[in-house]
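Both complexes below contain chain A, partnered by chain B and then by chain C.
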Partner chain A sequence: MGKTRIRIVKRDGCAKRKKVLMYLIAIIVALAIGAILLSSLDVNPFQYYGKMFTMGMVDNHIAYRTVENYIKAFVPLLLTSVALALSFKIRFWNIGGEGQFIIGAIAATTIAFTCGPSLGPGLTIVLMLLAAMLSAGIYGGVIALLKVKFKTNETLLTLMFNYIALYFLLYLGETKAPWNFFLNPESERPIFGSFADIVSFPTIMIGKFSLNLSLLFVIAICVIIYIYLKRTKQGYEISVVGDSVGTAKYAGMKVNKIVLRTIFISAALIGLAGALKVGTSGILSTSITDSVGWTGIIVAWLAKLNTIGIFVVAALICVLDTGSTIASSTYSAIDANFADILQGIILFSVLVADFFTRFKIVISKKEEQ
Partner chain B sequence: MKKFISTLAVMLLVLAMCFAFAACGNDETTNPDDENVTGNEDGFKVGAIYINSKNDTAGYTFKHHQGITTAMENLGLDPETDLVIVDEVPEDTEAVLTACDTLVGAGCNIVFGISFGYIDAMEEAAAAYPEVIFSHATGYKSNDTNFNNYFGRIYQARYLAGIAAGLKSLELGNNNIGFVSAYGTEYAETCSGINAFTLGAQSVNPDVQVHVNLIGTWADEELEKSLAQDLIDTYDCCVIAQHCDSAQPQIVANDNGVFGCGYNSDMTADAPQAHLTAPIWHWEVYYQLAMENAMNDPANFVANVGNYYGGLAEGFVGISPLSDNCVEGTQNYVDAVSELIVSGEWDVFSGVKLTYDVADDGTVTINQNDAALVDTEGNEIVAAGGASVEDAVITGSMNYFVQGVVLHNN
Partner chain C sequence: MTETKPYAIELKGITKTFGSVVANNNINLQLRQGEILALLGENGSGKTTLMNMLSGIYKPDSGSIYVDGQLVSINSPEDAKKLGIGMVHQHFKLIESFTVADNIRIGKENDSNKLKDKLSNILLKKNSYHEIDEICRKFGFEIDSRKKVSNMAVSEKQTLEIIKVLYYGAKVIILDEPTAVLTVQEIAKLFSVLRRMKNEGHSIIIITHKLNEVMEISDRVAILRKGEYIGTVNTAETNEHQLTELMVGRKVDLNIERPEVEKKRPLLEIKDLTIKNDEGATAIDHVNFYIRGGEILGVAGIAGCGQKELCEAIAGLRKVESGMMIHKGDNIVGLTPKAILEKGIAMSFIPEDRLGMGLAPSLSITDNMILKTYADSKGPFVDREKGRQDAQAVIKRLEVVTPSTEIPVRQLSGGNVQKVLLGREIKSGPNVIVTAYPVRGLDINSSYAIYDILNHEKQNGVGILFIGEDLDVMLALCDKIMVLCHGRMMGVVHAHKTTKEQLGLMMTGALDLTEVDGKIAGIAKDTNIKEEEATN
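And then the complex of A and B:
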């Protein structure tokens, strides 16, 4: 009698061609599953996917607005993912992106309302960015400090800090009080006020299309991060600490300092993403993060923490996200939740493929004695 | 590895076949639809932004969706092809603006936004797209050409529900009525609702007290349930009214053998032994009016429709059919008061109070008596015989409770 055993074994390596093939298969499988679901709801999957991947821009007289909105979603996700990847590189499990993003957005808004009217837009923008980076950097840095000093668990702490930030934001949004300059004074009901007429991030008009300069700004930051990681001493330190704390210590590196510095930068960049988001919209919102703190984790890992990879993955995920909302809008049977399910299926199968690029399943038959 | 690849390939093949079959089968069924899509390319399109899912089966978004689709069907539009919806949109200016772009990009001629927090985004979108009409529920902003707001005199319906509750309390000999409300004086909408309900109940039972428990959020089924239970246990309430999304307060009333007035939909099915009647919205009345105007004379939309604030007279608000749990004769009271309100002669928040004479055959005659409208602090809001408080107060700034309201948790 033979007994079948199934084991999961780590792969030694996977050829690039094979990897790409596996991702492609994963996406096709996911789309096929989605197509079956769509068909069961009497929706033509070809039309649906067509709308989704073109983000409804075909036959759309204001397609440039779709691109603008796409960029608005892409910029915060890209920057947050790149920043999260920095944390992950030194094996610091920062899942506090949401909180750091919110703190950055609140700090930037505070500057806009308090300093904006007197300082003029140029200086205010600079202060907004700096305030967001500093406050979010400290918000994340505190957790790094607790980790190096007291060996606290950063996964739990960053997670819990998310909720402190979120509920602080909710409190600001729901509390009518003389001190609360975040709210619109004209509204009887508490809603956030807009600072768009005080200060707003610059855009360049290309015909009807307005290009948000935050895109160029963030791409520049990504380039700097890329160089920082590949070409500087500090970047080298990050990769050594990430590989082995023991080796780093043996080489005489001050590991605690490196961890603190890197997490501060990581959180500060996420705060910067929050400032860019709120600076573009000119108004706070309780859903300001658009979940980039969570999505960024997926983006960073799918891209294997590689800066260029993150750019590509973030761009694709944004197409998926923007496209599925737009596609679902024209079908009465497909609501936003269903669009999320389709997205989830695609992400999940890509992650499964990712798993199989690193592990393989070995089925062996063992003779019983 | 080879084995794995081949397994995967087989799986893929199977899936691809399913895909092809599904697609083929689907083509046949959706072909007529496709023709419709192209056929209506230049036709009238309706856009909507919802706070919850368009596939909801109860609650606020559901009622609006029902109103929009009903209005479209009445006007010969097909909700399957002529209606574009972005749903699950949070009250986030950026997100709402993106939704507006999506709807305008899809060719919508009119865009409805149903949640209060969409207000600034819709104002901005109306300025950006002057050729599209934007219509915002529960808001207060508008412009002269393509942006208006709409809401209704639900307080009139609440007054009628109050009469049904008051008659029940008279019959039971218990003057304690409960009210589970999302908010209290923080929102004029909830505040005016509690007041109108109380005034209605007092008109038939002057000794009635309305005990209010506040939830502190628009929807929380657990709290809706426990606060209703508290009203029954602590204050001996015999009727439970509500201003919240779910039917939980009615179900609690049913389980405790007391009575209740729901909200938003006829909750008799949820609480068959308890439910009396519920104030309800007929959103389709406005949606049809708005769509008709947008189709026929879009340039003068705001001039013709204005900021809409319909009531019983327009059929925009009303109460669900009185259930068998109501006291006999309740319908006569309701009919008489409805008629009076519809005539425009009298309104709820005025310095005139109603009393009733009932003839032997059950016919109800209304007496109008001058009496001041006084709040719980003893302030005179409207002098005896005075005209009703202004609409702007009812929708925007009413922040006091009338005498007879007792606020418990805060």
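And then the complex of A and C:
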């Protein structure tokens, strides 16, 4: 009499080709599930997916607008993901990207409104970025300080700090008061005011297409972070502390200092992403983050915290995001929420594939002796 | 009509291997009904592995287990529980935030499918307190069943583990080193409980290193050595000397070189050192010793006698409660690990998992080479070229088997990992090397390669503190051997003048050379530091 037993066994390693194949299968499975859903709504899945992956740019005379919007979504996500990976590398579970992003955006807006009119755009932009980095860096750094001093749980604290930041932003957006320079003074209802006339981030016009310089700026930062992690002493310290705290202490590293420094940089970069976002749109909004603090976590882990990987994954996720919103808006039968459902299915399948690159299922017959 | 009752437990030809390591080889063992059997053996002799097979944690590769004369197959801890076998592990398996009663009830088997029974499993009823109190009365335990585990002392936790096992109806009780965490009074109490359990008809296996306890509590003693079953003797017919001899075996000539080196002045002197362990108990208790340049001082002792804490203290990783550590005339107590490194004291500790301290497992060999020196180069960038050259040199010199210097250390085999670690320490040109278990789990050839390296360093005038497991190796390799027993130093002996048996007696606390006045053969002259040498 044998009893079947299913066990999950860790793989020794997984060849690159096999990994890629697994991810591809996962995406195909997810798209097939989506196709069933689409067919049930009388939508041709091939046309739908075509629109989605091209982001509706085929035969579209304002395709450059799509690219502009794409970049607006891509820049904050890329920078946030790279920054979050820095936290995760040192095993600091920073799920406070949302909060740090908002704090950065508020700080940048404050500078724009208060210093913008007197200082002129060039200096104001520099100050905006610095203020955003400093304030968000402190906002995240405080949690790291509490962790190293009192062993508090950073997951809980970063999560709670998200809501403090979010509700502070809501408070600013809903409170009509003489001190509140964030609001539009001409409106009776409390709405955020725009600082686009005072200061706005520079763009380069390529024909009709306006390339926001923040894209080049963020790519440059990614390259710097890549070098920082791979080549510098501080980057080396991050790898060692993230791998084994015991070994780091044994090597004489000041672990607490390294954690504090890394989390400050990580949070500061997320704040910078917030500043870039608000500086591009010229106005605060309660949905300013676009959930990059959450999506960034997925991007960072899917890319295994690898900077180049993050660039690729963030670019693909933005295609999915922008594309599915555009595709769903062209079919009356489909709600915008369908895009979210489909994204969820794809992400879930990819995560399952990721699991199978590391583990395998072994079915064995258990023999009674 | 039954003249002879069947054995409570009988093991026939049990063999268990982990990879290439044979933990148990063809073990035959009998536990009689209502007896206390002591299981004796050195570290790594396979005692715990054997007992884990009885309690369903491991499955034997071959051999059979009989319980009450019946052939059984134990595939899980539940199976063991059903057969009435209960084990009290060395590391307690309790839920800290639960009360005594909850901890006991949570593991209770309930096969009934009735909703009422299921509920009673979840809801703790008042009468379960009485049930537990009843067991305590019967065996003479003193415990408050409403107390939370987190508020309990170590001895109380152990009592709870025993009650748990009894509550589940175990007839055979296995205790893995139960006395290691107890005070003398608590041990006396435990033994009286064990005797009471025996009188109630329970059969008990107790694992211990302490010979006096074996003599006091057991009816018979079974001895394991290096995974082999040596034999079983009646306690009444034996003595501590015979048991030690059975446990450590005859001296094996290993043919390890011990080059003679001109003696130098002490490099590192340890004076009246006291260190606490993670639990706050005294790990090293007023210990004095020193290491000269050009000698290997071995440290022998049962696992947990304070070796690890001693290493960590010397490397600056553990707080020193009192005492001094004088390196070339400077007290290094209170210095940072980095400052101690810079003084030329290198420490390499190979823990059970081999990777825990000293190496970053996900990083490459190159990156591990620069671990202690990365900050020395100028500018913000890491000099990996130097690391790569060092890695290549270590790979070449110590014959590390690896496809490249850029392979994560985690992917190397155990022996190669250890070579990388030791190679880096030697590369840094230290004057004192503290090395713990450098040949742990290595095959013969790799082990000899490591001994050669250590001897080479010794000839260069380096002082080496060698913390080892195998007494034969220490007798052959070390110049002197210091024996620790529960944090206390039992003496320092010259390796070529001592015997394995003497070391065994010292390790188990039966022989203390520090309290003997006058000269006795075998005691190294420098058990106590001479005045002239202390002031360097």
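As a convention for this text, the second predicted complex is superposed on the first by the 368 of 369 C-alpha atoms of A that agree within 3 Å, B and C clash if a C-alpha of one lies under 4 Å from a C-alpha of the other, contacts with A are read in each partner's own complex, and residues count from 1 in each chain.
The working rule: a residue touches a chain if its C-beta (ideal position, glycine included) is under 8 Å from a C-beta of that chain, and two chains touch if they have at least 3 such contacts.
On a predicted model such as this, the values are computed, not experimentally measured, just so you know.
Look at chain A after the overlay: chain B and chain C fit there side by side. In the superposition on chain A, A:D243 makes contact with chain C only, not with chain B.
When the two complexes are overlaid on their common chain A, residue A:I25 makes contact with chain B while staying clear of chain C. Applying the stated contact rule after C-alpha superposition, one finds that A:Q234 touches chain C and leaves chain B untouched. Counting the residues of chain A that each partner touches, chain B and chain C differ, and the larger count belongs to B. Taking the C-alpha centre of chain A as the vertex, the lines to the centres of chain B and chain C open to an angle of 130 degrees, rounded to the nearest 10. In the superposition on chain A, A:A251 contacts chain C only, with no contact to chain B. When the two structures are aligned on the shared chain, A:N60 is found in touch with chain B, with no touch to chain C.
Shortest separation of chain B and chain C in the overlay equals 21 Å (C-alpha atoms, whole Å). No residue of chain A is contacted both by chain B in one complex and by chain C in the other.
Within the complex formed with chain A, the residues of chain B that make contact are 1, 3-4, 8, 11-12, 15-16, 18-19, 22-23, 25-27, 29-30, 34, 53-55, 79-80, 83-88, 90-95, 97-98, 101-107, 116-117, 119-120, 186-188, 396-397. Residues of chain C that touch chain A in their complex: 73, 75, 315, 317, 336-339, 341, 347, 355-363, 367, 370-372, 374-375, 380-382. Residue ranges of chain A in contact with chain C, taken from their complex: 231-237, 239-240, 243-244, 246-252, 366, 368-369.
By the touch rule above, chain A contacts chain B in their complex via residues 25, 28-29, 32-33, 35-36, 39-40, 42-47, 56-57, 60-63, 65-66, 68-69, 72, 184, 187-189, 191-192, 194, 277, 280-283, 285-288, 290, 325-326, 328-330, 332-333, 335-337, 356, 360-361, 363.
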